[in-house]
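Shared between the two complexes below is chain A, which has chain B as its partner in the first and chain C in the second.
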Partner chain A sequence: MMQENSLGRSMAHPLTGSVAPALIVAVFAAAFMTPGLLGNYEVEIAYRLMLYICLAEAWNLLAGYGGLVSLGSAAFVGVGAYAFTSALNAFGVPPIVGLLLAGLAGGVFAVLVSPAVFRMRGLYFTVGTLALGEALRLFMVNVPWFGGSRGLFLDADFPSREALFWWALGLLALSQFLITVYTRTRLSIILRSVRDDEDAAAQLGVRIYRVKLVAFVVASMLMGMGGGLQAYKLGAVEPYGMFGLPWSIDILSMVVIGGLGLRYGALVGAFFVITLAELLADYPEAHIVVTGLVLALVVRFAPRGVCGLVIDNWKRRRSETRGSEREVQP
Partner chain B sequence: MSFEIIASNLLSGVLWGGILALIALGLSIVLGVMRLINLAHGEIMVAGAYCALVIGSLTGLDPLIALPLIAAIMVVVAVPLQQLLLAPLAGKGAEAPMMTTFAVSLILQNLFLVGFSADTRSIGQGYSTQPFSIGPISVPLIYVLGFVISVGIIGAVYLLVNRSAFGRDLRASALDPVAAASVGVNVRRVHALTFGLGAACAATGGVLVGIALSFTPTTGAAYLLTSFAIVVLGGMGSIFGTLVAGIVLGVIQSIGALVLGDGFRDLVGLVLFLAVLAVRPAGLFGRRT
Partner chain C sequence: MKIGFNDISRRSLLTLAAAGILSIGVARPSFAADDIVIGASLPLSGVLAGFGSYLKWGYNHAVDEVNAAGGIEIKGAKRKVRLEIRDDKSDPNVVASNTDTLISRDHAVAILASPTPPLVAAGGLVAERNRIPFITGAAPLESFKAVRKWRYGWDVFFWEPDLAASPFHLINDLALATNKKVAILHDNGPDGQQVGGVAWPAMAKQFQFEVVRNSAFPMDSTQFTSVIADAKASNADIMLVMSSTPQAVAIRKQLAAAGYTPKVLVMERGGEPQQFSEALGPLANGTLVGAYWNPSYPYPGSFELTKAFETETGQTWSQHISASYAVAKIMLDAIARAGSTDSEAINDEIAKTEATYVVGPVKFDESHTSKLPIAQSQWQDGQVQIVWPQAQASAKILFPVPAGN
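Then we have the complex of A and B:
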């Protein structure tokens, strides 16, 4: 499903590449600052959207551009959440430092586990990361450190709804900046060459391990910061929730439904899945069943997700109009 | 810690490992023949346990007697499912089918939740708590029964794969599907039946787990990972390796639970799994490729 987007395709539109991400951030900010537009409920949803867009962007970089389909996102979210809580509790650092430390913790954890997980290729990587996430959750539940199965309470004051919104917006902006830079420089081409054929890329002199590691670390830092922000919001962390499989599942579903390896796949997918979740909020089981069904249908009939469908449709329409023009001309 | 406790624990680890090997065998066959990572394997296993629960309450049939029936039901359900969802994805890379099984696992988990609630269930039987003693060593009788049944089924699958016409087609499809198809093997049919066979192994294993321990709609994930650990340890597609690895893992889990506490049971297996994956991805008994 990944080989379909040709290299360099995303380089074709020099303007949309950097304007659109800035626009997304601006739209969120403008909506929030317009008085009376967003109520408490909408602000809450906007927070969740921004958090998940950030996480999904990170995962899309890893899986979509790097071919590293991970089911262990929860591990990095959890590490970030615990790092944030521990840093604020132990050293009383301000939240911004806590968030940076959460990102750092995610990145360092990625470096630590990379020798093991990078030995696994393709599908084995997926299973390995799944095992990593579950192992870490069981570890946190069973060891007496870090509050054990009951977790930790954050000593800091609860942030206001407004403050949380701005933090999430900052995180969204950071993720958009990082991913835009990543996908619009040669880093992305090298990463995709590793994804499409690791051996061929290696023979061309690409340092496979380093290229994967950079993407893994960048994605894990974003996930760690996302986890840190969520810990700030909740005011407490516990292993079942922060290291729970739902993080990994939600993020994967969003990107696959939106469009794996497409620049706006994460964004569209996050909107789609969160809207679906809100529409089915009264039927939590149905929500996951429907997400599963949509996921299966997308994989079967739209391998490049919603974004892929839109792009293909647009291309077909354009080629059709061109075709008819050509018929008229002679 | 007395000798009796340690010996009993080791023996129950060996016996439990046999049951784990049966569950893992289903995953291993599907992985070896179809190159499919079946992320719904744990849910198929749990489906077997719920199936035994329903059959038991409807007919009063003993779950061990009902095993062939449950296996047959699983094949009948799994084969069309494979043809509907997975067969059309052939040739679209390895990820699309894996994502589909992931979606199936989400759907199944929540169907269990809706149908049977989140309560912890057990297929209680008179013999599930009865002890089996050899001198001072004592293990639950169901572990012994489960081990015998599991090893029996694993042996039957071994004969099926190595001695039957279907097994010949299966081995040919596993080695090279294109070449197999060119000499007249119906690879699509082999894949469908392999998926059915894998589901039947998981489901019968699930029934044994359901009698010996308990299960909930979300139990499957832990067994999926344990199965992966066994498959990786034993080498993909090796039936004998799967049995040995299952027993090894069962013993290691027992030791882990004994030394560190019961909560560490699954963690020990996962850490071993990650370590083996990192050091020797082809498995302890697999050939390096």
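Then we have the complex of A and C:
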């Protein structure tokens, strides 16, 4: 069911195509529409899960498929959050337009910074994007245009919990659609060729800058929309929370735990990390220690993430079964 | 046969870890179904963890007292109060999700706030959306009022203009001889910009002092040599600082290293915790900091609260135990008066609050705020002494600030 990320593998399994992503969206929708199945708490967790799946999918596209390991996710989430709040407050646009503008702002910001960050490769790119997020946070704190360190408060009415669920579901559907299209077309192969050997890909005629830019813009737009949705939920944005490093770290953790570069790594990782956080949240004295320990164990014993572990086990069992079948054949 | 670490399969270890976590999650302590649940999201980790520990103690102490008395009577039956606390890691996003969980999962009928304006706004807006009463004793009033016109949010704290004016009142009232030149150093956080960037300069002008230097710095800055050199060159007798505690410690040490000791040194926010005095020793002597409470204040339970805190924790008291304890008591009293866990009924009772609590008299105005009067305290040999206003003074002011080594 999981799709392998190496170039030579088939991507034609129906569940790795468009069926499974549609199924994921349908499961959330069906669970919500089934009377009595989800209480307020479950709806809140589902919202969080869908938001983080969207953000983690975007980061997986960038880092897992493109090799662009970014620590600047917070910058794009923050840009989207501020764009959404500013658009609603200043122009009174409806939330859907605000979300589209948040995505646009994330994409435009990616285009603007790409000449600088694409000059760097590997760890330098990672550190460069980290600096990007921090620089933007300090910029927003120090300029008076967006409320400075106090931030902005949304003038619009509070959305209901149900409305937030549908907005998050829409964003999840959009992210699944975009990532599915991306990973099932030539774009995916070209992007992974850039990831695996940038110079060799260039020698073969791949336009490196353009390929990276498209992935960067798509991922940044999704992150911007995620930031916009979170701003809608919070009703307030301020630089320390919206540009905070936890966004970047949480998203990275989810993908690494789920499976970097694996189609469902982001989904599984988001589910794992949010469930872990919720299970341990009632033990504030212990939860940071336990979370760290669990993450270390997963990284140590499942280096390809939870998805990778499942795939490896499944392959091992299949080869064992085939081996034993051959042995019994006359 | 001896089994080594490497003999254990990774699947076994991961299964064991998953089972462990699940058992922790499933094995939540059991509670009585009719407990009255009050929720609190607090910074027990992250940059505000020190602050959060005081609030946690204050909230818990108020709830423990009520439970020790049998609980709160709801429709003729006494019910225990259960305080659900979640760690927000000093992050507004986590405050919002915690508050949502406390309301949706734990069915909290009221929320006690996390400290500082960004965290108060994050939690307060969620409570407001869910129509659940929410109270804070850790957000300056103007910052609280700036968020929105509250219906379910309440705030008991000091008013920023009072805090900004207090050093000038002190200098005038105590007739301290200075050249009336003021250097301001402030971080660029919400309080820093409001008090250091706006309120102090305005008050200096009003009191006919001259601001010769006003420098802002990032909230994580630790190097202040250049701004201190500028302040020293401007020959300011008065230095007003608004910063975090690590920054306040660094500034005081760097002032000493530069051989510059203003006659009046005010270090708001950062100079308040015990850690400031512990880190500086005698160098803390003479530092002034705004205060809204002191165990010597003649309010009911001041002495007992301080004694309970120091006995239970082994730490020196902080004024934040008074505000957190008081707002929890206000909420518990409102529930008791309402005789119901209905959020509207509780909210209506909070609005009617008019009583003297450990932190002082509390009565909410139409903006849902109740102002605490500001005093100036001073570090003297490891102790916080109130030095202004004179009617409440517990010691004579140390003036000028000792140079230190």
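Criterion: the second predicted complex is superposed on the first by the 301 of 330 C-alpha atoms of A that agree within 3 Å, B and C clash if a C-alpha of one lies under 4 Å from a C-alpha of the other, contacts with A are read in each partner's own complex, and residues count from 1 in each chain.
The rule we apply is simple: contacts are C-beta pairs under 8 Å (C-beta built on N, C-alpha and C of every residue); 3 or more make two chains touch, one makes a residue touch a chain.
Small disclaimer: the values here were computed from a predicted structure and weren't measured.
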Original post:
Between chain B (first) and chain C (second), which, if any, makes contact with A:53: first, second, both or neither?
Top reply: neither
Practice task
Considering only the touch criterion stated at the top, classify A:83 as touching first (chain B), second (chain C), both, or neither.
Solution key: neither
- Thinking of the overlay built on chain A, is A:288 touched by chain B (first), by chain C (second), by both, or by neither? both
| message | If we overlay the two complexes on their shared chain A, which of chain B and chain C does A:279 touch? Say first, second, both or neither. | response | second
Looking at A:222 after the superposition, I want to know if it touches chain B, chain C, both of them or none. Which is it: first, second, both, neither?
neither
Note to self: Under the stated touch criterion, which partner chain does A:130 make contact with: chain B (first), chain C (second), both, or neither?
What the structure shows: first
Identify the partner contact of A:138: answer first if only chain B is touched, second if only chain C is, both if each is, neither if none is. both
Taking the superposition as given, does A:43 touch the first partner, chain B, the second, chain C, both, or neither? second
So the chain A residues that chain B and chain C both touch are 138, 141-142, 285, 288, 293, 300
The answer for chain A against chain B in the complex is residues 1-3, 69, 115-117, 119-120, 122-124, 126-128, 130-132, 134-135, 138-139, 141-142, 245, 249, 252, 256, 285-286, 288-289, 291-293, 295-296, 299-300, 303
The answer for chain B against chain A in the complex is residues 37, 85, 88-89, 92-96, 98-100, 102-107, 109-111, 113-114, 221-222, 225, 228-229, 260-261, 263-264, 266-267, 270-271, 273-275, 277-279, 281
Given the complex, residues on chain C that touch chain A span 10-11, 13-14, 17, 21-22, 24-25, 28, 42, 44-45, 84-87, 89, 91-94, 96-98, 100-101, 103-105, 117-118, 121-122, 125-126, 128-129, 143, 146-148, 188-190, 192-194, 216, 218-219
In their shared complex, chain C is touched by residues of chain A numbered 39-41, 43-44, 48, 138, 141-142, 148-151, 153, 158, 161, 230, 233-236, 238, 240-242, 244, 246-247, 276, 278-285, 287-288, 290, 293-294, 297-298, 300-302, 309, 313
